[in-house]
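In this document, chain identifiers A, B, C, D, E and F correspond to the written order of the chains, with residue numbering beginning at 1 in each.
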C-alpha cells in the first residue's frame, strides 16, 4: 500500500556549469542558464510504501509525513534561490532530477526503514521526474 | 498494457476507534475524528493490466469496467456515510488506505484472473493512496 | 483590480426540508437527501476588488485575506457537518448557493467597505456557484 | 531516475472493424463507431528511465525529447484523422491502447538503448492507458 | 447568484470556407483546415444567473440543467462531426466562438426568461471562449 | 463574445521596497522579500472581447494573439528575473497585481481599439489576479 502527500514550493534557480563557457552553457541549458535566475512552482509528491497499521488504518500518518516534508524540505527550499541559498546545490546543478534526488536522500534519512520511498518533482506542467532511489 | 478508468464519489466519514478515548482519537486522527462526520469528493482510478484483444484493440472495454465500478463501488459508497451505511467499515476505520483496499477486493472478485488490478483513491488534493493487492 | 485567494474545506451535509415528506425530499434533492449525510471537498475562491496600494503593490495582502478566511470560514466549516454543527444552516438548506451566500456575508463584514467581494464555491468537479452579493 | 515530457495532440478517429456488421460495431464500440468520426485532445506523457549524466544533471535533455516527440509523433498525428491520414492505423483500430503502442514503438526506435520507455496516453478525463513495451 | 454545470463532449471538426481557395483556407485556419478533420474534447460550462428559490435553496436544480444540456446539446454534438452531422454548422464555420453561440441559443430557448445565461466552451487547454448573448 | 488564450512563463522575483528597512519589508512581504529571489510558474490568461468576424468565425485569430503574447510578454518575462532584468519593475514592485497591470498595458497598445481586454495572472495555485484596465 502506497500513500502520497503532495506539497508545493517556489524557488529560483539557474542551470549552468562554472567550468563551461557561456556558449557551452547556453547550448546545453538554453534559457535555463540565464544569469539572473528564473523560478518555478515546484510540485512535490512523496510516496511512501509500507504495510497498513491495523490500529490506525494508516501506512504512515500523513500529518506526520507533512511535518517531515515541511521541516526538512520546504524550510530549506521554499522561497529560496537553490543555487545561492542551498548548500546542497553548491556543487550540484539544480536540475529537476537533482532536486528530486536531493529530496529523496533527505526524506530517506527521516523515514523508518520499513518504508519504501518515491519522490516525484514537477517543475512545469510539461516536465516532471520520479526518483525511487535506484 | 494498463488501462485506467476514473470515477468520483462523494461520501461522509469519520476516523476513530471505539475502544480508544476521545483524547487518544483526537491525538491520532485530529479533526478527522470529529463526531458528526465530514466528507470528501473521492477520486477513484482503477487500473487494469492485461493483453490487448486483437479483435477489439481493447485490454478491457472501458464501458464494461465503468459499469462494474458503478454497480459494485459507486452504488455502495456514493452519497453514503462510510461509517454508518457501509458494512465494510463497521469494524474497519475508513482511512483512504482501507477504502482503497476494500474497493480493490470488490473489483478483484469481479474481474477475470488474466487481469492485474491497481486501485488509486484520492481523498483530497494533497492525499492519495495506491493499492496493488500486495 | 481583482485578487483571488483559493482555499478548500471538507464538510458533510444533507439536503432536505423537515416539513416535506421523505418522498418529496427524494424527488427534489435526490440522493443528496440521504439521511446519514455525505460530503464534499469544497473549493472556495474569494475575489476582492479594489485599488492597488502604491506602497505595497497589493490590493489586499493575501496573507491577511488568508487569515480572515481561515479564522472566519474554515474554522467554522472545515471537518464539520454543515447541518448539525453549524448554526448558519439550522434553518437554511446547505445547498452550494446557500453556502456561498453565508460565506459572502461572513467575509463582507470582515472586509473594508472600499473592497467589492465575490465568492465562488465549487462542490464537485461539475457543480459550482458564484455570489456577488446582489 | 525517470523523467517525463507531456505533450498534447488533437485528432479525429473512429473505432470499427470493416469485417463486422454495423450492429456488431455498434455493440462493441458504441458511439465511438459513428461513421463521420469524432475527436479528442490526446494528452501524451513520455517517461524515460535512465541514469543521470553527472555533467548536465539530466537523464535526457527534455528539449531533445520534446523535439523527438514533435518530429516523430505530433507531426504524424496532430490535427489528423487517425483512420484516414495515418498508415499506422490502416489495419489497426485506433483505440487508446493501440495509439499508445504505436507511439511507444516509434519512440523506442529513436531513443538510446540505455533508456527504458513508458508511454501514457489520455483520451478523455476518464480514460487513459500506460504502455511499458511488455 | 450564478450556478454552473460543467459537461464535456468529443467532436470532430474542420475550419474552412468553401468559397475560399485551399491556400486562403490554409493561411487563415492553418492546420485546422486539414481536409479529413481533427477533433477535440470540448469542455462546456453553462452558467445560469437568477434568484435563489427559498424552498429548495437552488437557483435551478442542477440535475434538471444537466438533463437539458444532455438532451439538447450533448445528444447533438457528442461523438459527432460538427461539419458533416450537425445542420447548425452547414453554413457556419465551427470555430469555438460559433460553437458557443449555437449552444447559447439552444439553451436560451429552453430556460425560463427569469434566468440570465452564459456559455463557456474550452476547445483546448489554451483556447476557450465565453458568450453572454450580447 | 470573449476569447481567451492561456500561456505560461517562469520568472524569478522578490518583493521589497528599497526605502524600507529589512524588518519592515519582512513584516509586509514575509518570505517573498527574501534577498536572493524565488520564482513562479506564472499562468497568464488573456481575454479579448469583441464581435465575431462573420468571414472567419473568429473574434481574433488566436494564432495571432499567441504571437503578440509571445513577442511582447513572454520574450520579456519568461526565464527572467523580474526585478533585475525587466525595466518595467525597476520602480514597481513585481506583485502579481503589478505584473498583471504591466502586461495589460503592453497588450492594450498592441490590440485594435474595438477589442476589450482582460488579463488574469496566476502566481500560485492559491493566488491569482484579474485586471480589466479600470
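Just so it is clear, contacts are C-beta pairs under 8 Å (C-beta built on N, C-alpha and C of every residue); 3 or more make two chains touch, one makes a residue touch a chain.
Quick caveat, the model's predicted, so the values are computed rather than measured.
Chemist: Touching both subunit B and subunit E: give me those chains, sorted by label.
Modeler: Chains touching both subunit B and subunit E: C, D.
Chemist: Between subunit C and subunit D, tell me the centre distance in angstrom, where each centre is the average of that chain's C-alpha atoms.
Modeler: About 41 Å, centre to centre.
Chemist: Averaging only over C-alpha atoms, locate the centres of subunit B and subunit D and give their separation in whole Å.
Modeler: 29
Chemist: How far is the middle of subunit D from the middle of subunit F, if each middle is the mean of its Cα atoms, in Å?
Modeler: Spacing between the chain centres: roughly 34 Å.
Chemist: Considering subunit D alone, which of its residues make contact with at least two other chains?
Modeler: As it turns out, subunit D has residues touching two or more other chains at 125.
Chemist: Return all touching chain pairs.
Modeler: A-B, A-D, A-F, B-C, B-D, C-E, C-F, D-E, E-F
Chemist: Please give the residue numbers of subunit A that touch subunit D in the complex, ascending.
Modeler: Those in contact with subunit D are residues 15, 17, 28-30, 92-98, 100-101, 125-132.
Chemist: Could you list, by residue number, the parts of subunit B that touch subunit D in their complex?
Modeler: Checking each residue of subunit B against subunit D gives 1-7, 47, 52, 55-59, 61-63, 66.
Chemist: Considering only the defined contacts, which subunit F positions touch subunit A in the complex?
Modeler: 8, 10-13, 31-32, 34, 36-41, 78-81, 84-85, 124-125
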